[in-house]
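Think of it as A, B, C, D and E in the order they're written, each chain with its own count starting at 1.
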Amino acid sequence: MNPYVPILVLFAIGAGFAVFSIAAGSLSGPKRYNRAKLDAYECGIEPTPHAVGGGRFPVKYFLTAMLFIIFDIESVFLIPFAVAFNRLGLFALVEVVLFILTVFIAYAYVWRRGGLDWD
Amino acid sequence: MSTALFAADGAADFSQDTWWLVVGKALAIFVFLVVTTLLLIWFERRVIGRMQQRPGPNRTGPFGLLQTLADGIKLALKEDIIPKNAHKAVFIAAPIIAATCCFIGFAIIPFGPSVSIAGHMTPLQLTDIPVAVIFVLAVASVGVYGILLAGWSSGSTYPLLGGLRSSAQIVSYEIAMGLSLIPVFLYAGSLSTSEIVYAQTHQWFIISAIFSFVVYVITMLGETNRLPFDLAEGEGELTGGFHTEYSSLKFALFFLAEYVNMVTVSALATTLFLGGWRAPWPISTINDGMFNTGWWPVLWFVIKLWMFLFFFVWVRGSLPRVRYDQFMRFGWKFLIPTSLLWIIGVAFIRAIPMTDITRRQLFLGIAVVGVIAIAIVWVIDATRSPEEDEQVGWELGEVDPFAGGHPVPPLPGQTAMLTRGARPKVAALTAAGDPDDEPLPEEDPRG
Amino acid sequence: MSLDNYLYLSAILFSIGSATVLLRRNAIVVFMGVELMLNATNLLFVTFARMQGTLDGQVVALFVMLVAAAEVVVGLAIILSIFRARRSASVDDANLLKL
Amino acid sequence: MTAALVTAEVHAPSISYHLVAPMLIVLGGALLGVLVEAFAPRRSRYVIQVPLTLVALAAAFVAVVLASGHTKSTTAAGAVVVDAPALFFQGTILLLSLLAVLTMAERFDGNEGDAFVSTAASVPGSSYEASSSRAGWLQTEVFPLTLLSVGGMMLFPASNDLLLLFVALEVFSLPLYLLCGLARRRRLLSQEAALKYFLLGAFSSAFFLFGSALLFGFAGSLNLSAIATAISSRGDADALMLIGVAMVSIGLLFKVGAVPFHAWTPDVYQGAPTPVTGFMAACTKVAAFGAMLRVFYIGIGPSRWDWQPIIWAVAIATMIIGSVLAITQTDIKRMLAYSSIAHAGFILVGVLAFDRTGLAGSMFYLAAYGFTTIGAFAVVTLVRDSAGEATHLSQWAGLARRSPVLAAVFTFFLLAFAGIPLTSGFTGKFAVFSAAIGHGGTWLAVVGVVCSAIAAFFYVRIIVLMYFSDPDVEGTVVAAPSAFTTVAIGVGVLMTLVLGVLPGPLLDLASRSALFLP
Amino acid sequence: MNEFPWITVIGAVPLVGGALVAALPASLASRAKHVALAVSVLTLALVVAMALKFDPNGAQFQFSEQHEWIKQFGVSYAVGVDGIALVLIALAAALTPVCILAAWHDVPEVGRREQNYFALMLVLETFMVGVFAATDVFLFYVFFEAMLIPVYFLIGSFGGAQRQYAAVKFLLYSLAGGLVMLVAVIALYFAGPGGPQGFLLSNLTGLHMGVGAERLMFLGFFFAFAVKAPMFPVHTWLPDAASEAPPPVAVLLVGVLDKVGTFGMIRFCLPLFPDAAKWATPVVIVLALISIVYGALLAIGQTDVMRLIAYTSISHFGFIVLGIFAMTSPGQTGSTLYMVNHGFSTAALFLVAAMLTTRRGSRRIPDFGGWQRVTPLVAGVFLVAGLSSLALPGLSSFVSEFLVLVGTFSRYPAAGVVATVGIILAAIYILLMYQRMMTGPKPESAAGTHDLTAREAWVVAPVIAAIIGLGFFPNVVLDVVNPAVKHTMTQVGVTDPAPKVAPEAEGTAK
């Protein structure tokens, strides 16, 4: 059997449960219309109008996202290295040290330029 | 899928699994998780109650064990609100994504060795794949979408910021988590959980990869948005965070997802560092490893799992919440570089057999390198960034409400304020800022 | 299941991606189209690797992910800087360079 | 689990470091540059970066020369082939980028960085931009970015593997996308150029990659020689192979700016900071054609009867469209962009000879064109008005009155572009056209000369403007170049002249080098 | 042949002189023209010396030099002169000092601009020598194209009101022609033996190639030459260029440069592609006849004296081409002589016309009238030049025109008849022009105009002397040219037709 089939089974169970809960939730609860209830929650203040999705957010999150992508991909490369370490031997060691060194240089740059500071 | 690359002695053998076995195991996992969650919530409230000198829930059922169930039923009977600003489809999909993904990760967790069920030898594990650990990480990442989309689709400020924070936090700590797993792979030479457990037959990786274990445990807290890292839903700042607008069973699903995730990361920690279902040392020697066969290992596994869950609760009860910038700084500036250095160190240790360097020389070398590296890092952080030494003047004018992208409406006549770390510092304002100097006009691009 | 279906799927994804690039006006959406194309390619590589029983295709997929990530970073940086300057990410608004 | 499919054993490849040393030196220099950016105080970065970059490039060039003595040439499990053409291209790229870096280092008034914005992150027109610019900040990241790009360019023609080609393509493209957006003036235009370049570049590289995947599926390997073997061993054309070839070609043709994949060229050339434009126009072309030659000659060569006619059509369209559209331009950089498209067409004529002479001719043409181009763009940086570079053609009217030497130099470059004898442009054209005529491409060459004549029209138009018209726009001045730009222009003139009058040695080198190792 | 590199020296002297003139410091700027004149005279002296050493009955090419240049392309630096080249080089060398002298006041201000002007003229002389002396096809092409640049700047920078238009038109026509030729040049290389000397003329004559290829290559070469020696229908640049250029430049342009076209036909088109040449002859002859008549007719209609002279040249070039493609030795000898004579007579016409227009301030013929009485000497010279142009017996053009007609009649009588019409038309346009400009009552507008100055006298004297001298002693040229023509005829593989007219022509020639 394909090893992913059991995962699909579990997925189906989990998804079924979630969908069922949502459906049940909308049926089981009361429904009393109230205009204020459907407004966005802003601690009792008149809500700030938004486009769907809430508009803009700080640039900082973009930076975090970019840094995440870069460093996460780096660990993607480390994983095959780690798994195949015994078969690749010293060659892999040297290459990985070079690789991590390179990453460190980029890392130092980001650090020094304040990319890791969260204001 | 694998012979040459991934085949090892310890790989679990699923060749005898039948469809009903698979469905049965999947259902068992599901039930296990739901029950564990119900218990965990009760457990948490009781333990924290104890730590705070109060009893905790003790009315519903024996010892209040059914309290969680009662809460769930209460939630089901609440009105299901969809705010009018929400993006409806996404708003509904988000909890489904979160709740579904949290279960899947458990598919590859081994509860024990092969046992005989109705005449079929089958491992106590739903399935195993060559990239099992990566699979868990991947599923966890998809789970982030649930949080992010929930925040985004609510059409409200707090959920949006909460969702962003939460996902920024999770992705930040995911790097350190990924790096902390690599020494394990280095030792085990595989990503398959059953093989990793097998590789811990003689020594658990908590010993050989102790630093990674520490890092993992820390990131585990960050990944699950638990105190002291529950910044995404810090009540004081963001009311409820990404799920502020959710109610009824949708909210319950997020709640469920959070606790199932706790269980999942704990189970992974057990599998990767604590020898999985293997019995602890003195017990494992009894009767030629009797306690490592049959159904016994499930017990060891559950015990180890609950140790971690207790740790979660214990930390929550003990530590205050950290500030967001402290949290990010800790993740980015400490966990990541030290993990990388640790990986290099482990790789060198693993490489000794291939060379004629003695272990002593190696440790000496690693120590020296480590000291130097730490010194460098300290220097980097201790010296101020060169940018800040020579900040140029920054004219304080009328605030541009969208300058940093914050959706904050300005008050009339409002001017910029100083905050710590906010960059364009007014310190040099009078020195360099020429009040008559107009900002550069938008040039005509055609010249 | 025949592996050919994966090839068709990949081709379809690639076409969707390129249609997105050609038809959509928002820079970020265009960019997502490009990413879709790259991922369609990954699927293709992995499928071929599976067909041929070699690892090369999977290795390529790994590299492509890396490159795609680097591309995301560079692209986001550029789009963001434009967005901050103009408050719009529409490709149509970027029209200073029309002939 | 399904049947075991993966049976490949993992082998650690060996790497001959001396062969890849030039690239390692350049990339190492880039990393050092990043460290300088991280740790050096702002005011000393410029004085460190410029010598560092120049030394890295020069050292890499020495390494290239040394590497040419080695006999072994394949390394990294056959993925990198440092054969004679690769070394030729690498050397050319290094020399050209040396000149380009010189132009990038130009600061006209001594304290303000000229071509590049002071802080790329500042919003155009913001007071932060104004104050950082007033504080004399310099964008010194351009130097490491350039080195990274050069490293990728050097790898590109030496890649014998479609994956490596793709990686090299991205390594040299990504820094370029960023460099394009860093112009100090007209920043919106510059950012827009970067965006266009980026989106179209990513689009085309996706095509390249998909084509690679199809070829991989066809041949079972990404190695160019293996693909060639697979093509020759199967007699009839395979749809997988044909589509793969087409898509790989699209990616390469995009990079060289061939019609119909040229749309980015004028916009990007106009918007990018002029030194970057020069760098791009010269070095990218060398790298991209280097890779294209290897792919066409080694990889998909055996099937060339299937696709050669299409490349013929592309070459013809490129020459015609480049030449014709250049006539309508009113901006000098756009004009040079279209001219570069036309030149890409001329080089394609040489590529299509499918012979050593074609290879040698293209190699010579690329080198000759590169020096002239960098010189020409360096001249463009010197002609200025109060808002920066004066690139509108009307602002060039009567330039010869103001600065006869500059006008003469630019005229010389234009004559070289037009292919007048005794300039390198003529020798190059002769080389590619004679290769084409020698191998059945006479009609291609005829189209080529007709387009040369059309192209000559707009080059001549600028000469007319500079010499024979009266200046009708006041305010255009010719900035006094520092030693950097002077050297760059001087070398450009010298090489254009030497390669026109005594091209023997370089032609000799090119024809000796013109042999790909599979 | 000779150890002394005559041709290289002759070519290099003006080049070095040009550089010298351009580089003169500001303090010596006023001396620029003197230096230029001295250099050109020195060149002329060298050419004369070389001509004296030339052995008409010796080898075809003399003073040959040959060095490897770009061996990858098969290109050599190979120069040498035969009779035809020698006389044309001599023509160039003789006209250059005259033109420099004539250009004495062309640039009003002393300084860089003036230096450039004379420097460009000297550089142009280098290229002219090179283009006639090249015995390597590639080298010829290089000079052929490079020559355009100084002319372009001379016209564009120093010409009249419409100079931009004229310069660009000139350059583009020539460039287009040249580039078409380039394809043929390359194709020729591949048709030949190739190798490091594959472009040597001697290696490329007598090739056996496919009929189609030969014809295409011939057309490639011929197109370039037809543009250069302006033939109908690609002549339109000439009137603009010649009338907008400064007169001395116009002299060099029409008098020498355009001869490259007709020279190229003799030197390249015929020997390299004999069969194709014979195949194309009918068309070429028709075109030549059209040029003759059309040029003449247009000349009659002109009101601009410079344009008029330019159109007469188109007509004359028709004669030259006609003589070349008549494929008879009198015809070709006559054409060669015609090239020289036309050089001098056009030079005289242009220079004198320039003197007149400078004085009058207008180039329109109706603005003149009765100038005989104002400037009798100028008018006299003008008359001589004009008569030479219409081939009055006793003046140089007569011999050449006669030879051409004789050569043509012997093979293509009908063409000869048509060409004769050209002579009549020539008489009309020259005499009409003279009458309208010079005769009539003394004009009031010309008050205070002076006659020929000493410098102008020095300008026209050598030209008039040459016109008259060659009219009486054409053998000076013919003796040198005849062996070369014979050689060409042999290479083409044609012999003179036998009929009775031929001996007379031969007799006249000798």
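Brief remarks follow.
Everything that follows uses one rule, which is that a contact is a pair of C-beta atoms (placed from the backbone, for glycine too) under 8 Å apart; a residue touches a chain by one contact, two chains touch by 3 or more.
Just so it is clear, the structure is predicted and the values come from calculations on it, not from any experiment.
Across the structure, the highest number of inter-chain C-beta contacts is found for A-B. Across the assembly, the mean Cα position most removed from that of chain C is the one of E.
Here the chain at the heart of the structure, going by C-alpha means, is D. Taking the mean of the C-alpha atoms as each chain's centre, chain A and chain D sit 38 Å apart. Each chain gets one centre point, the mean of its Cα atoms, and the points for chain D and chain E are 45 Å apart.
For the pair chain A and chain C, the distance between C-alpha centroids works out to 19 Å.
Chain centres here are Cα averages; for chain A and chain B they lie 10 Å apart.
Counting partner chains per residue, chain A has residues 3, 59, 65, 72, 84, 89, 108, 111-113 touching two or more of them. Counting partner chains per residue, chain B shows two or more touched chains at residues 1, 5, 14, 386-387, 402, 405, 445. Counting only residues that touch two or more partner chains, chain C has 55, 70, 77, 84, 96. Chain contact summary for the complex, chain C toward chain D: residues 7, 10, 14, 17-18, 21, 27, 30-31, 34, 37-38, 40-41, 44-45, 47-48, 50-57, 59-60, 63-64, 67, 70-71, 74-75, 77-79, 81-82, 84-86, 91, 94, 96-97, 99.
Taken in their complex, chain E has these residues touching chain D: 69-73, 112, 141-143, 145-146, 148-149, 152-153, 156-157, 163-164, 167-168, 171-172, 175-176, 179-180, 182-183, 186-187, 189-190.
For chain B in complex with chain A, the touching residues are 1, 5, 14, 17, 19, 22-23, 25-27, 29-30, 75-87, 92, 95-96, 99-104, 106-108, 126-129, 134-135, 151-161, 164, 168, 171-172, 174-175, 178-179, 182-183, 185-186, 189-191, 239, 244-245, 248-250, 252-253, 324-325, 328-329, 332-333, 336-337, 340, 343-344, 347-348, 350-351, 354-355, 380-381, 385-387, 402, 404-407, 409, 419, 421-423.
Note for the complex: chain A touches chain B at residues 1, 3-7, 9-11, 13-15, 17-19, 21-22, 24-26, 28-32, 37-43, 47-48, 50, 52-61, 64-65, 67-68, 71-72, 75, 78-79, 82-86, 89-90, 93, 96-97, 100, 103-104, 107-108, 111-114, 116-119. Taken in their complex, chain D has these residues touching chain C: 5-8, 10, 120-121, 123-125, 163, 166-167, 170, 174, 177-178, 181, 187-189, 191-196, 198-199, 202-203, 206-207, 209-210, 212-214, 216-217, 220-222, 266-267, 270-271.
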